[in-house]
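Two complexes come next, and they have one chain in common, subunit A, joined by subunit B in the first and subunit C in the second.
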Partner chain A sequence: MSQDLLSAVAPPAKREITTKPRFSDKVFRGVVTSGALSSLFILSLIFLFLAFQGFSVLRTEGFSFITTSSWQVVLDDAGNIDPTATVFGLGAMLVGTMLCAFIAIIVAVPISVLSALYLNFYAPAFLKKIMVAVVDLMAAFPSILFGLWGFFILMPSAEYWAKLLHHYLGFIPVFQLDPLVFTRSPFVAGLVLAIMVIPIVTSVSREVFSQTPLDRIQAAYALGATRWSMIRAVVLPYGRSGIVGGAMLGLGRAMGETVAVYTVLNVVYQVNWHVLLGAGGNVASMILLKFGEAGPQEIKALMAAGLILFLMTLVVNSIADFIVARSGGKGR
Partner chain B sequence: MTTSENQKDPEKNMQTPSVVSSLGSVAKTQSAPKSPGSQALGVGLEARGVHAWFGDRLVLEDMSLDFWSGTVTALIGPSGCGKSTFIRTLNRMHEFIPGAAMAGSVLLNGQDVYAPGTDVTKIRLKIGMVFQKPNPFPSMTISENVLAGLKLAQIKVENKDDLLQECLERAGLWNEVKDRLGAYGGSLSGGQQQRLCIARSLAVRPEVLLMDEPCSALDPGSTLKIEETISHLSSTMTIIIVTHNMQQAARVSDYTAFFLSDGGPGKMVEVGPTGEIFSRPKDKRTENYVTGRFG
Partner chain C sequence: MSTATLMKPQKPWQASTQQRLISASVFLVAAAISYGVVAATPMKGKLAYVFVFFASLSVLDFFFHLVTRGISAAKDAVARTVVAFGICVAVLPIVSILATVFMRGYKGLHFGLFTHDMKLNSVSDPIAQGGLLHALIGSTILVLVALVISLPLGILTAVYMTEIRGRFMRPIKFLVQAMSGVPSIVAGLFILAAVVYPLTKSYSGFVGSLALSILMIPTIARTSEEVLLLIPNDLREAGVALGGTQWRTVAMVVVPAARSGLVTAMILGIARIAGETAPVLLLSGGGDQVNANPFSGPMGSLPFYIWKSYSVGTEESITRAWAAILVLLVIVLVLFISARLLSERRTNK
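Let's turn to the complex of A and B:
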């Protein structure tokens, strides 16, 4: 009989599963939601402001705004802008932004990952406490001080390292240099940025490493693993996506950094892939350089430059998210 | 049989409190019974006056026990009596807990595993361990998991495929996974994962296998499979199993040790052949426990 019933009756319609929230829960939900949405709101306002201000420049310059490399404001005799002679082009600055930021990441990530591993798995407890505090302090350090230190202290040393790089790796195109002047180069700016990025990447990696499941660590040790082989088999696979995430946060900061780069680097409108050559700049420091004496039209161009930087950072972070999502499942 | 005169120094560990143990007080009662059934190959592992601390708290007092090769020894007792702590002192996993300390000595083939200058990774290769919760490496495939120990300890072997098959067969898992050795370890059921962990331990050819409640997270069917595996393995190695399940202790073990804590440090109340512990225990407390009157 039951068989008949089973075969005869079609599956019932799915029920809607609901719950009636209490008043207090509704209030809290509202508070939390508005908090979350406010940051989105502020970000959209900034985006709209930049887009609105920069739109006219972007329209007149078109695609050449990001491909050409010159920034000239030509005024006619009456003090008005001469639209045919005035050119705004961001190419060199975009290249400079990427170059400095990538140097920073290439230098900072290995140092940060090693520091995080040391702090989590090797450091004695008292040293760990001190070093965590120091690293966090470094993250909160004003960037102008990094810039000044980079200019007066790091640059003379970095000049020597740059000479070594040029001498031994000069056959690689990016390390070629002519004439042989080693100061104020993207290389030095990248090193300063690296020092600013290290605390961020270290903190994120340390946090991820410290969440490695204890049972896997113990499993590795119980199989006769040395500390290093345990780290390689368990901690690094688990923390890989965290390292990438931290590196991307750092990259975001390095791309947006203004004052430190402005202090160290020569802002020159020239597309420069040679990391040792004293030319380049980044978008943020260029905006700082031009902002003080800019007329109304140039201000708009600077807003457009800011918009491009904003979008570029967004794209880099999205790529990072994509990478993390793809490599995330494995090893977790 | 026991040569304790070469190991008198309890100051082995970095933070060992200075407690001089009374060596081998219970071991004398242990040495009497002969190994039933399987061939006794001699004493594989000896604990001599083992004490253990977490910080200032003494959790384990004066454990002395012999573990015979080719036998299974079950450690039973209520929660918090120091069974797990005790087996973790045997392969030096105890020292990973911050503030952990120990005194006494653990002899593997007469060598103190806590002796200064010992390479602890070599000790753990010879004394394998299976944990309460199955913990295969999720980023590795089934075959990578089994062979993980070789990679971790940088051991080279001639024929990995043979070793892989042998370990999975000994762990009773080969027939279930032979067609999907490339699948990830996490895709197996809980019981299969635990047998995978046993296979992983076997691949480095340990002389002793410690099992810390290996079936407590598993269903009865999987438990039965693991118990069969233990029976097969016991002829060739020393097995020490911590269990809360007294039927399991009765089924799989040759010897049983009963641990108890009266609120203070855990102590061993009684040890003997499993049949005797369950049928004619000498101590009243053992009898109360094995008959289910407390614990």
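Let's turn to the complex of A and C:
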């Protein structure tokens, strides 16, 4: 009797225990992996298509596409493009891009580092929360808003500061200018870019500063350091590479900015080293300017310019990511 | 009752009343100096007050602390003032931007703005005529289409980086970072080169959305990654221990637990692209009438409307631009604040 019962409720057959993923998991992993590879896919497509469209221009111009500074489309009598006289050289706009971006970084980095120090080490808790939200909010503002604000509100003040700089520091070559035109200069564009970049640099530096090992901070205080000497001895050395990385990230953002620069800057195709002179441009704003009335050949040149801009920002951003990733995570 | 022996609790780290009084008076003196200096010299403007105030405050602080407490305390006091100056300079523009937009945009607001398009009006017409209905509808459609494309891709990327953690994790992390740095005009040019010239050959809302989703994917991916990393590992282990496959664990346990965070990621993605101008200028054109079909015809959008009104440059058109900016800013503010509230509720739980 009991024998029968036992055989009736016999344990189920032994299941196979395996680490091999089931079919559903294989599908899941496949879908997720291919979705995650979309960023690789899109980035390489951007490179391929811009290179494909700009190839003919890049081949005819060669290396002088970057080094020379004239951008001329010459038509012959029949209205076709004259290939010998037409030149595309991006040099002037590359100079302008770097100039505006560097002004932005020079202005933004000290302010951002001070703000990050304030938020991490000086601000009372309630103020810190509000300020962090406000600075983050600023990063979410659309760029056209910065452009219009820069044009209508910042420009009059910035012109005044530019005149001061010219008056008192005019002996330095970059502050010289020949026709006294202060409006819409790279200086103003750089200030607008600086304001757009401040939230980025601030949040990166804040992140890095907040990772400063607490024991070192407390050790500095225990040795009798004031708050400032603690910051100088512990926080700044620890966070230095993070600041550099944040600055590079900001540089990348400032180089690629289009609409704000276009609104504020007087985009003229010429090499302009004088930051206070109202002429200049950057690659992105030039693309926007020339795009409207560009013929097929010029569009190809603009695509090539876009490719150069893409590669530039990619390099700067990669270096920045590398530095920031290396600076975080150690200590504590 | 031997209260005399009980010490009163002391807080030596807090400033005493006397110290507070002294620092307040230093503050007042600095304010007075800034007022006097600005009045006496040819310097002008509100910013001059701020600048002179902080300069005189740091000088006063330095000498006061030098005399009372020595050189390192004096340096510390100056550093405190300079750091406070830094945050003030960082926050001043945002205050100015908000104030400007509300003051100037307010004049251009009227109810018809939300019920009329610009089919029968030009931007230089009196402000009471016409509106930005077409721009609002266009922007909404652009954002929704971009969202449909980039939300799955962004979340899949985040799930890969937090759940699967496979061979490609480091390169993908790097690529997502790199993608978030792609300038918006390059995204526009790419869609132009890859889709518009070879395939569609015309403006439409859809190609604009494609460019916007390139900008949106990295934002969503990075925010969702942060959110998914916050989900405790116990949940995943519990799911697997109960016999769930990885697919079931992620879909039934991890993602529902992170739901509000993923919504935050979505909102931040929308806020990122809502005001993006350059790709819209290149790709979606800008009609003056309501066009609800993203696949054909130019489609208006808020940034394009602002751009167009600003470029015309008459008084009415610039008022229109400020009004549209106000609408855009309010949308961004609402999105941003709701994202904040959602993420705060999550962290408090």
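The criterion applied here is as follows: the second predicted complex is superposed on the first by the 274 of 332 C-alpha atoms of A that agree within 3 Å, B and C clash if a C-alpha of one lies under 4 Å from a C-alpha of the other, contacts with A are read in each partner's own complex, and residues count from 1 in each chain.
The rule we apply is simple: a residue touches a chain if its C-beta (ideal position, glycine included) is under 8 Å from a C-beta of that chain, and two chains touch if they have at least 3 such contacts.
Everything quoted here is computed from the prediction, not taken from an experiment.
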When both partners are placed on the shared chain, which of subunit B and subunit C touches more of subunit A: C
With the two structures laid over each other on chain A, which partner does A:V234 touch: subunit B (first), subunit C (second), both, or neither? first
Look at A:A279 in the shared chain and tell me whether it touches subunit B only, subunit C only, both, or neither; answer first, second, both or neither. neither
Is A:R216 touching the first partner subunit B, the second partner subunit C, both, or neither of them? first
Output check: A:A189 vs subunit B and subunit C. Expected answer is one of first, second, both, neither. What do you get? neither
Examine A:T226 and indicate which partner it touches, taking first as subunit B and second as subunit C; both and neither are also allowed. both
Please indicate which partner A:P142 is in contact with in the superposed arrangement: first for subunit B, second for subunit C, both, or neither. second
Between subunit B (first) and subunit C (second), which, if any, makes contact with A:A162: first, second, both or neither? neither
Touching partner for A:I66 - first (subunit B), second (subunit C), both, neither: neither
For A:F49 in the superposed arrangement: first (subunit B), second (subunit C), both or neither? second
Is there a shared patch on subunit A that both subunit B and subunit C touch, and which residues make it up? 226, 229
Where on subunit A does subunit C make contact in their complex? 21-22, 24-25, 27-29, 31-33, 35-40, 42-43, 45-46, 49-50, 52-53, 110-115, 117-119, 122-123, 131, 133-138, 140-146, 148-149, 152-154, 157, 160, 195, 198, 202, 226-229, 231, 249, 252-253, 255-259, 263, 284, 287-288, 291, 302-303, 306, 309-310, 313-314, 316-318, 321
In the complex, subunit C touches subunit A at residues 45, 47, 72-73, 75-76, 78-80, 82-87, 89-91, 93-94, 96-97, 100-101, 152-153, 156-157, 159-161, 163-164, 166, 168, 171-172, 174-187, 189-190, 192-194, 197, 214, 217-218, 221, 245-248, 250, 268, 271-272, 274-278, 281-282, 303, 306-307, 310, 321-322, 325, 328-329, 332-333, 335-336, 340
Which stretch or stretches of subunit A touch subunit B in the complex? 125, 213, 215-216, 218-226, 229-230, 233-234, 237-238, 330-332
Given the complex with subunit A, which residues does subunit B contribute to the contact? 91, 93, 96, 98, 121-122, 124-125, 128-129, 131, 133, 135-140, 148-149, 151-154, 197, 200-201, 204
